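Order of writing sets the labels: A, B, C and D. Residues in every chain begin at 1.
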Amino acid sequence: MSTIHLHGLAVYQQQRCLLNPLDLDLHPGEALTVLGESGSGKSLLAHAIIGTLPAGLRAEGELRTDGRRYPLHDAANRRHLWGELLAILPQEPVTALDPTMRVLPQVAEGWRGDGHLARDAARRRLDRLGLQAAEHHYPHQLSGGMAQRVAFAAATLGGARLLLADEPSKGLDSAACDTLRRLLQQHLDSGQCLLTITHDIALARALGGQVLVMQGGEVVEHGPASRILSQPHHPYTLALLAAEPQAWPAIAHPAAGDWLLQGRGLAKAYGSQQLFRDVDIDLAAGERVALLAASGAGKSTLGNMLLGLTAPDHGSVRYRDGLSRTAWQRLYQDPVQAFAPHVPLHTALHDVLKRCGQPWSALEALLHRLKLGPALLQRLPSQVSGGELQRLALIRTLLLRPALLFADEPTSRLDPVTQRDTVHCLLDELARIGCALLLVTHDAALADKATVHRIRL
Amino acid sequence: MHPLRSPLLTGSLLLAIGLSAQAKPLNLIGPWEIHSLDPSSSSGILFSRLQIAETLVDADNLGTLKPGLASRWQASSDQLSWRFTLRDGARFHDGSAVTAANVVVALERARKKPGMLENAPISAILADGKDVVVVLGKPFAPLPAVFAHSHTQVLAPASYAADGSVTGIIGSGPYRVTRLQLPQRVTVQAFAGWQGRKPAITDASYQAIGRAESRSLMAESGQADIAFGLDPVSIARLKSSPRVSIVSATLPRAIQIKFNAGHKWLNSPAMRLAISQSINRQAIATALLRDPEMAASQLFPPTMQAWHQATLPALAYQPEQARRSFAALGWKPGADGQLVRNGERLALTLRTYPDRPELPLLATALQDQLRQAGIAVQVKVGNSSDIPAAHKDGTLELALYARNYALVPDPLVTLLGDFTDDGADWGVMKWQNAALSQQLAALGRGGLSAPQAAAARLKVAAVLQQQLPVLPVAWYRQSAAVSKALRGVSLDPQERSYRLSSMSWGR
Amino acid sequence: MTPLTSRAWPQRLGYLLLAAVLLFALAGPLLWPDYAGQQLMRFLETPSLAEPLGRDQLGRSVIARLASAARLSLWLAGLCVLSAALLGCLLGVLSAWRGGWTDTVLRGLADGVLALPGLLIVLIFSAMAQGGFLTLYIGLALAQWVEYFRMTRARSRLLLASPHVEASRLLGFGPAHIVRRHLWPELAPMLLTMMSFGLATAILALSTLGFVGVGIQPPTPELGLMMTEALPHYSEAPQLLLAPVAVLALTLAALVLLRPLEVNS
Amino acid sequence: MDSARQRALARICGQRLLQAAIVSLLVAALCFLLVQQLPGDMAFRIAAGRYGYDYVDAAAADAVRQELGLARPSWQQFAGWLGQLAQLQLGQSLVTGGAVLAEIAHHLGATVQLAAASVALALGVGLPLGLASGLAPGGWADRLTLGYSVLLRALPPFLLGLMLMLGLSVQLGWAPAAGHGEGGNLLLPALTLGLGLSGLTARIVRDSVLAVVQADYYRFARSKGLAPWRVFLRHGLRNIGVTVVAYAGVQLILLIEGVVVVESLFAWPGVGHALVHAIFWRDVPMIQGCTLLLAWLFVLMNTATDLLCLAIDPRGPAES
């Protein structure tokens, strides 16, 4: 197996350079991980290599392997390499599988050799991934983790030398992340090349090999993972690493006050699936509690139950008297979905101010404290970045002076730096008004730093 | 084209035409769907027209009676019983003989249904050997004409189910039914047992096509050999078509407006005459019927030779006269031109129905002509039954309809019904005239000499022309589009027969 | 609204056509007001300067009838579509909001009506009273409300279960706010699209009913009726038939083109 | 068959049965309303239908009234009628006196024949056009299809039918203009309905082709190294089929509506034709029968499309 070289790879939009020229060497068995913030041109890199850049964008440079050269500006010259030299690990495995076809043929069709052997090869591959029972299933009958393994099998059965994985861990819980890590490792162990594009530092650390840090379309640091992830030089890399919750300094938490609510013997089932039962929960004013569990265990449901949005099948929740209905607030995982999509932020927040009878200055003060410019308010929710919007969502709840804020994975879609800033803002503001926090997360390190108590479901 | 091929082709074409003249079935189309086989239903007449079922009496173009299933008939001296002698050797299509008993059964069934027989004062129908004897409650001179009506079709006993409903048409005419596809199609074939002349057209089928435009296109494209029920405009267009020619006959039918003569505004003959003078019949006939001759100058069309009176002064368009008459009656035009009397505006409702496609169009034209005279007319196009229904409950004001005075070959039967004292659904309303009733009754009793009868008819026509209980608008010409390959096609003014048996394919 | 010039050409053409038809329908009856006056002896007069489309079989002005017919079609169809949209939306939101029995009953009803093709509903209704504007209106509106109901209900259910509505409820906002800020902005563009389509359907249905003979009654001019009446004259006076056909086709084409077309090339 | 599919099957059949039941009730209620609202005397109308306009008079109406028991209060008639409906007896035609079911049975065959021919024609024209334009969006085929579908949408079916009659039959003499029972009679009505549907079909096919080609799984399949035509055959056709079939089910309503007009124009003796006549005569049991039958036909076709969807796509049709 020989090395794959990418020489002078760059992406242009007309004359504007979106991705500065860079050289990459992909060695068999060694991972290459591209780390960077959103919008740094990471994904363009993958598309430029495969030849699937959107219309209007142009790639330059060339791909060299086995003594052949493939100029990158001609997207078509690599089509015949798909499946043979280049393979793509789909970002969202569930939508990457044909919903009308069973698993086995979808995997088998990636086979490059003799057609008769394809099904056997696919079956063996599925067996190895622990999917022997699923080969006659349809995609909608698979769990997220299973779909990921099927997609992996389908992408790699052809034996392509280079596997491209673009943000493979996006939106996965920790268990699924572990599976992913193992799959990619297996791929490397079989002597193939792997190019991973991610902002997940943990994944980069687990894969090892080479790391490439990008910022604003430019490579700012390049080297072995072991060095870059422990002794970074570039300020951006430094900031990236410091933003991991593990690296945060300890946070001083306020003391808990009077009781706020008591949940007793709570249970919920959807259809035949029991989410949880006999859950007791107590929350006190100003208290910070994390709710930890695997995905699908009913964390959000339990939180909604405490907010009074969902009725329990069994058990009951008692609230302290004298608190208004708006004292129980929630932050959402995806802030874009928490705002009416067609209403400008200015109007949305103005409505809230009018509703709780607060002056415009109250909002301005909060904006100022959370480092948000007032010009932002002229936009629609979809036109504001995730971190900013999550802070606006926080401001919206703070205006109502809540007693409890239920934050459901509020930062899981943000890159590490933004996550750190947002969580700190959140904690500061809650401490200022003595509001309790119930934080749902799958990140144990984050839970450690941001809360005092932890509940496992 | 290759020089040799041309004569060959012509030859084979000629051969094909020659062959087709033998085998080609005749395609007739018309608007009437076949909903029921019962002779009393609206579809019943179709089986007479296709010459499948016969009646005791037949009629010629002028309505003169001639033998049908009965070879002769004779009234008793007191005019209270009529004897019809059946044709010798007549057979039904199932092979059974036509007997007097069979005829009586068929006629008794017809009497139980609403229909033409109601108009005759029949007290009994009996079989007497080969004769059928009809006993009357009082003298009724036009009785034989009643037995020419399709309601009195004679069907074989096997045509009826146990409950009396008709399940098949087994008649005794020159054609027999080979296939019935309700509601659309009847296929017939010449009946081998027919005693008369063998028809040249041996196979024919009738198909119901609902829309007039579809029918004219079928005729134009050659798909249909004869198309009935065409609108005037299509007829004008088809006249120039290379494939078809137009065959016409004037019918004893009049398009007329019925007045509610009991209505407070319509109860004077002067008012009705003024309305008549406001109508430009000539324009209507020219523009809408495409046939200026069809403008009605009196109720009875010239084709009703005995009843049409050439000496009567014609009804004419005299708007000035009309205006003066309205004024004399107290109706003065208001600011918008509408006539007003004592604060009441002259507004009337005209009912009509779309079964005959020209009627709504005529109603629209009349509406505008009367509007110009100052009368606001609201046109209600509805079901044909709305007119008798409104007659019954007294809400009718004006109604426009086509009246067939040859329902039976002797118009007297219809006239007796329509113009008798108490009025009738399709005749006068809340109007009576002693002189007219008297003359009609005398004609009905019979026994008048020819000049006496003629005088009586003149009197009737004159009264109708003066009093205008119904207002004639137009007469009626029936036209059909006929394939130029057909010979011997003529239309029956009595609408009793398609005369298939006298047609042939030309060379 | 995006400015006209930035839209795709089919849409621009659609707006242009619709504007032309609307202008004709609104201004036409003012310019040629007498649609019923007949001059029988001038039947089928060929087009002239005074009568740009000539006269019909009753000697009536064709252009006056056409303008009046266009106005009637647009007006009646617009009324039907508005009513149907209003009814459908109200019931749709109600069904999505209340859920439970309300939803079950309404959805069952809608499913039933859906299985009854619109034309059948209108036919049955027109059978009740021939030529009545009211019955035509009720029939057409009843035939169309289901689409709006289904769309509104489906969208509203999704929206009402969405985090942003939940957030608004937690913030203490009531139904009025949720309808105004969350439902309406989402539903409005879809409603507009559906209404332009519904308008086309209604106009088509009106003319079809005229053709079948249960629609508007003469002498009121209506496009389908005009076509039916003009049909026999197709060879001697083609403009009589072509005029209403052109107006109908242009109106429908305009409405079809107005739909945001999925030309994502 | 797996249990999920069986459940989906049961759900579809249940839903559609319920729909058929509701529509039956609705039609019955509408017909009841019709009876209540009918202007004028029912007996008169029926007599007009039976005996013709020359013979309808008060005496004929009286006879009809007696025979059919129309003097009963209408709610009693309706109750009896609902009872009959529950036993699937559609009663007797008020005009002809024949059993409605038997009369319509004759018409149904003709309607089904026409509908099948039209759908086949619509697919025959619409599928290739849609595929050609969906695979090259914005290309000439796409524009052509757009124009074609706009044109056909802007033509009312009766007009299209007349144009075909004039062109194909009167001018060219290729097909019989109207009627039933001769060879070639089916051509024009089927063409009228089929062409009308094909414009829409082409657009639906085009949109779903575009959606499928841009789908994640389609691109992923391409990236596995499959040749474009293999990807289209393996992943394109079936998925395009799902959307096309699902959407076609909804659009079949156009077919049912078209049937009414086209049958009347071409004198095709189908249910739609019978319906127009029944409405003309106010033959309420017949109206009810025809409407029910057309509605059931629609439900049946929708069930068929649902089942077809289920056969192609294991997830089954989307919940309505």
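Here, a contact is a pair of C-beta atoms (placed from the backbone, for glycine too) under 8 Å apart; a residue touches a chain by one contact, two chains touch by 3 or more.
For each chain, UniProt lists the protein as follows: A = ABC transporter ATP-binding protein; B = ABC transporter substrate-binding protein; C, D = ABC transporter permease.
All figures in this text were calculated on a predicted structure; none of them were measured in a lab.
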Set of chains adjacent to subunit A and to subunit C (ABC transporter permease): D
Farthest-lying chain, centroid of Cα atoms versus that of subunit C (ABC transporter permease): A
Identifier of the chain whose CA centre is least distant from the whole-structure CA centre: D
Pair joined by the larger number of C-beta contacts - B-D, A-D: B-D
Centre-of-Cα separation between subunit D (ABC transporter permease) and subunit B, whole angstrom: 39
Interchain centroid distance [CA atoms averaged], subunit A/subunit D (ABC transporter permease), Å: 49
Subunit C (ABC transporter permease)-subunit D (ABC transporter permease) separation of Cα centroids, rounded to whole Å: 21
Gap in Å, rounded to a whole number, between the CA centres of subunit B and subunit A: 87
Junction residues of subunit C (ABC transporter permease) - those touching two or more other chains: 213, 231
Residues of subunit B whose C-beta touches two or more other chains: 213, 382
Residues of subunit D (ABC transporter permease) touching at least two other chains: 39, 162, 166, 264, 276, 280, 282
Chain-chain contacts as defined at top: A-C, A-D, B-C, B-D, C-D
Complex contact set, residues of subunit D (ABC transporter permease) against subunit A: 4, 215-226, 230, 234-235, 238-239, 242, 312-315
Residues on subunit D (ABC transporter permease) engaged by subunit C (ABC transporter permease) in the complex (per definition of touch): 15, 18-20, 22-23, 25-27, 30-31, 33-34, 37-39, 137-139, 142, 146, 149-151, 153-159, 162, 166, 207, 210, 253, 256-257, 260-261, 264, 275-276, 279-280, 282, 287, 291, 294-295, 298-299, 302, 320
Residue numbers on subunit C (ABC transporter permease) that touch subunit A, as the complex places them: 162-168, 170-173, 177, 181-182, 185-186
List of subunit B residues in touch with subunit C (ABC transporter permease) within their complex: 212-213, 216, 231, 233-234, 236-237, 280, 283-284, 286-288, 354, 360-361, 363-365, 367-369, 371, 379-382
List of subunit D (ABC transporter permease) residues in touch with subunit B within their complex: 39-41, 44-45, 47-61, 63, 93, 95-98, 103, 106, 162, 165-166, 169-170, 173, 176-181, 264-267, 269, 273, 276-277, 280-282
